[in-house]
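A, B, C and D are the chain letters, set down in written order, and residue numbers restart from 1 in every chain.
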Amino acid sequence: MEDYRQKCINLLKERGVTLNDIADAARFLQADYHVDLLKEELLDSVLSVLAKREVQLAIMTAVELDKLAESGKMFDKDLEAILMRDEGLYGVDEVIAYGICNLYGSIALTNFGFIDKKKYGIIESLNSHGKSSGICNTFLDDIVGAIAASAASRFAHRWAR
Amino acid sequence: MEDYRQKCINLLKERGVTLNDIADAARFLQADYHVDLLKEELLDSVLSVLAKREVQLAIMTAVELDKLAESGKMFDKDLEAILMRDEGLYGVDEVIAYGICNLYGSIALTNFGFIDKKKYGIIESLNSHGKSSGICNTFLDDIVGAIAASAASRFAHRWAR
Amino acid sequence: MEDYRQKCINLLKERGVTLNDIADAARFLQADYHVDLLKEELLDSVLSVLAKREVQLAIMTAVELDKLAESGKMFDKDLEAILMRDEGLYGVDEVIAYGICNLYGSIALTNFGFIDKKKYGIIESLNSHGKSSGICNTFLDDIVGAIAASAASRFAHRWAR
Amino acid sequence: MEDYRQKCINLLKERGVTLNDIADAARFLQADYHVDLLKEELLDSVLSVLAKREVQLAIMTAVELDKLAESGKMFDKDLEAILMRDEGLYGVDEVIAYGICNLYGSIALTNFGFIDKKKYGIIESLNSHGKSSGICNTFLDDIVGAIAASAASRFAHRWAR
């Protein structure tokens, strides 16, 4: 199977998310432990997370679902409506996000829960933008949160060595 | 939010899966512990699993993805091809299945792993049918395995009381 | 197997945690959605979480590990030291907590991540108390966070019906 | 924090498990895909799994719990009895095992479910030995299964590249 990292970076960009945004969210998650940390120091971890095939396939699936909901071409109109209004009790988006975090251990999971509720930076902007008519970021905000949470966890484990 | 149980039963039927098929797979998973168990005795647990909102939303998402891949209307042609050939290292299907099993505890997860590899009954027939040209059961076989695994776990816990 | 709910309530009390403390932490997690919620309204959900066998066995295991570390009677002195200093990269405590949260779906998991980092109420007091010499709350703070997170998730799902 | 890999290899050996046993279980899990695979080819993956800190800490915790149950020195006599008889509905052992498998993605989890039920090789011998009076392998058989399942998953992903 191919390496889809560059493709995923392009997909994220097309949906309004830069590597810089993700590195900044990862930095926020580490800020309590390293006050002076620069987001540039997290970029390496973000790129490493994006190199994993399971992460790439999760991104591709998540972006596809958001775009399909926006396109109005889903077969299941109930599901389409749930995704378009980012229904709070719909949980498949978080489930796919956990599939990423799990690869980076328990710290990644708590990081995700925190940034998902706190909605820092790009997560907040995706979330509020997704409330606009015609736009669906239901999967994307969780996927981006999961990548940031995983990159922060990877950084913490490396720092400890 | 509405109760989508009947809708999900219909969706499963439309894709070739009956309640009876799922109850039989659940019975298979309990057969080592209860030799004489009838699939009818598992039907109640299958229906109870299908009553959970998180399960319903997982089913709706999974069936939608299979149908979209079949329709050839996905935006991402790499993803569409991966789903159509049920690529072994694609794991989002199992991740969504675990989202169901997790609700029923650790026994449900081991049950799922077993039936997913052993491919008993409806799981086997979905899997081999999904290899035919034009048909995609990439998500469905895992979702059905997860429902059977969860129903068997629920049955085991109730039996123990 | 027996119902160990009352036993677990006693174990938690012996370690300084009341049902009231847990209900208050669960209320905190729902406060963004229901400003006027009283902790009394969460008590029912806390008791329901504590009725699950998997939760009871997780509590018993967690409390045992904290007490054994305190007692200085562990076979593995490296492990004992890690638990006594609540080493940040030790993750088995969170893994056991996720075993509880998973039973209550994806909202419980994000709730847990949030309260684990935010350290509200009883979680904060267990955590800081655990830093004292001779005291180990390494497992307990995560278990209590998981029960609160699960009770809040159960409440949210019931409210939506 | 230290690297405890050699310590964990020693702990496993002390409890009757060799690297060879684990490599053979991992080979069994890959045998459907690579008929001629030798267990020696899996040894590298086993050692790589054992190099992860989260895996090492899970092993240390699991072995400690089995030894404490055997020693009769647990504070909680109900828990001690549950562990000594390897009670089927006790699930914390599997939860800790999933904490390992999750690091290696969804294939590791299905591998674990399969070998946990099928009880091949060292898993079977640990399990049946654990039924003897005075011996507790309640945690160990799941931990060994998780290491084998993870090593097989790592092998499958590398093979595909």
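One rule holds for everything that comes next: contacts are C-beta pairs under 8 Å (C-beta built on N, C-alpha and C of every residue); 3 or more make two chains touch, one makes a residue touch a chain.
All figures in this text were calculated on a predicted structure; none of them were measured in a lab.
Ranked by how far their CA centres sit from the centre of subunit B, the chains are topped by C. Across B-C and A-C, it is A-C that has more C-beta pairs touching. The mean-CA centres of subunit A and subunit C are about 27 angstrom from one another, to the nearest whole unit. Centre-to-centre separation of subunit B and subunit C, using mean CA positions: 32 Å. Multi-chain contact residues of subunit B (touching two or more other chains) are listed as 1, 53-54, 89, 91, 95, 98-99, 105-106, 157, 160. Across the complex, subunit B is touched by residues 1, 53-54, 99, 102-106, 157, 160 of subunit C.
Contact residues on subunit B toward subunit A in their complex (touch as defined above): 1-2, 4, 7, 11, 53-54, 57-58, 60-61, 63-65, 67-68, 71, 73-76, 78-79, 82, 87, 89-92, 95-96, 98-99.
Subunit B makes touch with subunit D in their complex at residues 88-89, 91, 94-95, 98, 105-107, 109-114, 116-118, 156-157, 160.
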